[in-house]
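Structure below; questions to follow.
Here the chain labels run A, B and C in written order, and each chain numbers its own residues starting at 1.
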Amino acid sequence: MAHIPDGVLSVPVLVGGGVVTAAALAYALKKLDEDRLPRVAVLAALFFVASLISVAVGPTSVHLLLSGLMGLIIGWSAVPAVFVGLVLQAVFFGFGGVTTLGVNTMNIALPGVLWAMLFAPLLANANPRRAAMVGATVAALSVASTAVMVALSLTLSDASYTLSARIVLLSYGPLLVGEAILTGFACAFLARVSPDIFLAPAMRRGGKLAAS
Amino acid sequence: MNALNPAPLIRLSGIVAGYAGQPVLDGVDLVLDPGERMVLLGANGAGKSTLLHVITGFIPASAGTVEAFGAVRRSEADFRAVRLRAGLVFQDADDQLFCPTVIEDVAFGPLNLGQSRDEAYETARATLRSLGLEPLADRITHRLSGGEKRLVSIAAVLAMKPEVLLLDEPTVGLDPDAYARLGEILAALPQAMIIVAHDAHFMASLATCALLLKDGRGHRGSIHQHPHHHSHAHVHFEHDVEGAMALGHVGHDS
Amino acid sequence: MSGKASAAAIFAENRDTGPLAAIDPRVRLVAAISFLVLLATLHSAPALAAALMAAMVVAVFARLPLGPTLRRLTAVEGFLLFLLLTLPLTMPGTELFRLFGLSVSEEGVNRAIVIIVRVNAGVLMAAALLSTMGTMRLAGAMNGIGVPPRIAHLFQLTVRYIAVFHEEYARLRRAMRARGFRAGSNRHSWRSLGHLLGMLVLRSAERAERVAWAMRARGFSGSFPAFSQRRLERPDYLLLLVWPALLLALAWLEFS
């Protein structure tokens, strides 16, 4: 439900989203050496595939966004990674839109990056239980923020979208739960198996990830 | 079940599967009886893995019937039941191992069988113990050596107490130690099995019958032994190193 | 969306068959973006009807397959269902009739229709102009119209590895099923899927490292080869002439 199609939002909202995403992309790419591009591509591909995992939550099932986990693993590179994923979704599956790429990237990627930056320090030398709690918290906050931003994008576009924006907000409930639980388990896994993966050093200083 | 004439565990008749227009399997028949260890032979692309995936219902047969454990299997629900009794060991152990530690991965199958957490872990421990793999229990799966991964992936399937084992190229990429260990483990198992294998050694020491896949058909053969010459390459070190090293078979059966 | 179908959609490289295939991807990308931007501003019935017609005509030129295209359109409708159901109830205006005690307004129904038409015209036009060109040509086209080369290269590389991970994911899931796993709404399922996710992240991080090493081992020093663009030809110029006329006509219908 985070993929708003073309033709729904007003022009000011589209332009606003476009400007924010362009700035975030420029900042993320500036931080990224060109020879680290393959690394981001590999992880962007992984997150794209992982978002195909459907998770049963109560009677419903949801596809994950994974923005919080992306933020925790690749930091600002999550912005171009999400952008590329959304281009693929829009062009080849018809999910989301072309003019809404800016708004959608902003709504999905930005919360993940920002919440992850805030909480990442807690992951240093974290035991699996703490990693799970941090992961689940970041995931839940990211999905909640995305929900609020999608609702705002709709409401700001047209006041008469308000009721549907509220319904959309509620519909994020199962996703929030599923995303928090799975991100939590995944972070516990990573804390046990490869604790130095969070906000991967390789993304920042080209260190070695493959410590096996 | 009659001891003299036991019902087959698995019976395939006229299986056609693969890609439309170009089936990999084109009318394969196969019968696996209790206690049999069948080697599945054939060139690359002959459909050996495909056959195992047809038995477990991952690849649908476009013609023919799959009969397993006394019933014809058609639907996904049918095959779900088959998978609980026919343990499939994948070609690449990395496809199979996904839990943080060995013990968790081995307990995964028993949990799917409905065992409680405690029961599943007890089953997993017992399985590892029976294979002499107990020291690996708390190791991180991702950091195991290739040979260890292979043995653990077999343990993970054995923990479900399958009646049939389906092993897809279990010897590929193993060093001589792991290879020997695997041979011992498999030889000691009571289960009937289908083993995809390339090497003559495995056939000689393990198999009771063979099926050759060629041109989409299965050709059944029996296994018998006769002496023949072969030669090995050996590495001899200038300085004393413990244990000489055999570099696999260079010569062929002739 | 099923994983299999989605991977197939991406990797059906270059399914171009119709007359549109002759047109340079850059031109098609510019045409799609300009149309969609203008579309966002359209509200009047004649303009939207014309836009939908134009999208249908282009879809025919692109030889879009009927079935998948309809499925794509209904997938979007699913998303908009809430919006469309609530608009007639929430927009104030002339009451058409009452439903469960709520007033259904004429303005709201009109607005819902406007959105349905606008969204469908957009999805159809984007599908017609872009979805058949394949990912590699799309990457080149992105670069050709001014998208930074890094994003275009990132896009290309990402597509390449999606294929790899999709297969890896499919094999892992199959192996889980082989051991009797069925995903449900319970702790065991969530833990297992969480482990699967963690394992995929870990392996991809290590693979990322190997990919980077392998590229450097082959002399990669940080700059990718530039995308090569062909010269525009007659059909391209034809579209570049027709398109502004279409856009002007739509604008005229809307704003005059």
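Throughout what follows, contacts are C-beta pairs under 8 Å (C-beta built on N, C-alpha and C of every residue); 3 or more make two chains touch, one makes a residue touch a chain.
Just so we're on the same page, UniProt names per chain: A = Cobalt transporter CbiM; B = Energy-coupling factor ABC transporter ATP-binding protein; C = Cobalt ECF transporter T component CbiQ.
Since we're looking at a predicted model, the values are computed, not measured.
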Taking each chain's C-alpha mean as its centre, the one farthest from subunit A: B
Pair exhibiting more inter-chain C-beta contacts, A-C or A-B: A-C
Distance between chain centroids, defined by C-alpha means - subunit B, subunit C (Å): 43
Whole-Å separation of chain centres (CA-atom averages), subunit A against subunit C: 18
Inter-centroid spacing, subunit B versus subunit A (mean Cα positions, whole Å): 41
Subunit B, residues touching no fewer than two other chains: 100, 142
Residues of subunit C touching at least two other chains: 195-196, 198-199, 202
Overlap residues in subunit A, where contacts from two or more other chains coincide: 189, 193-194, 212
Residues of subunit C touching subunit B in the complex: 168, 171-172, 174-182, 188, 192, 195-196, 198-199, 202-203
Touching residues (chain side subunit A, partner subunit B) in the complex: 189, 192-194, 212
List of subunit A residues in touch with subunit C within their complex: 1, 3, 5-11, 14, 25, 29, 32-46, 48-50, 52-59, 63, 66, 69, 73, 80-81, 83-85, 87-88, 90-95, 97-99, 154, 160-164, 167-168, 171, 178, 181-190, 193-194, 197, 200, 202, 208-210, 212
Contact set on subunit C toward subunit A in their complex: 1, 3, 6, 9-10, 32-33, 36-37, 39-41, 72-73, 75-76, 79-80, 82-83, 85-87, 89-91, 108, 111, 115, 118-119, 121-123, 126-127, 130-131, 135, 138, 148, 150-151, 153-155, 157-162, 164-166, 169, 183-185, 189-191, 193-202, 204-212, 215-216, 220-224
Touching residues on subunit B, where the partner in the complex is subunit A: 100-101, 140, 142-143
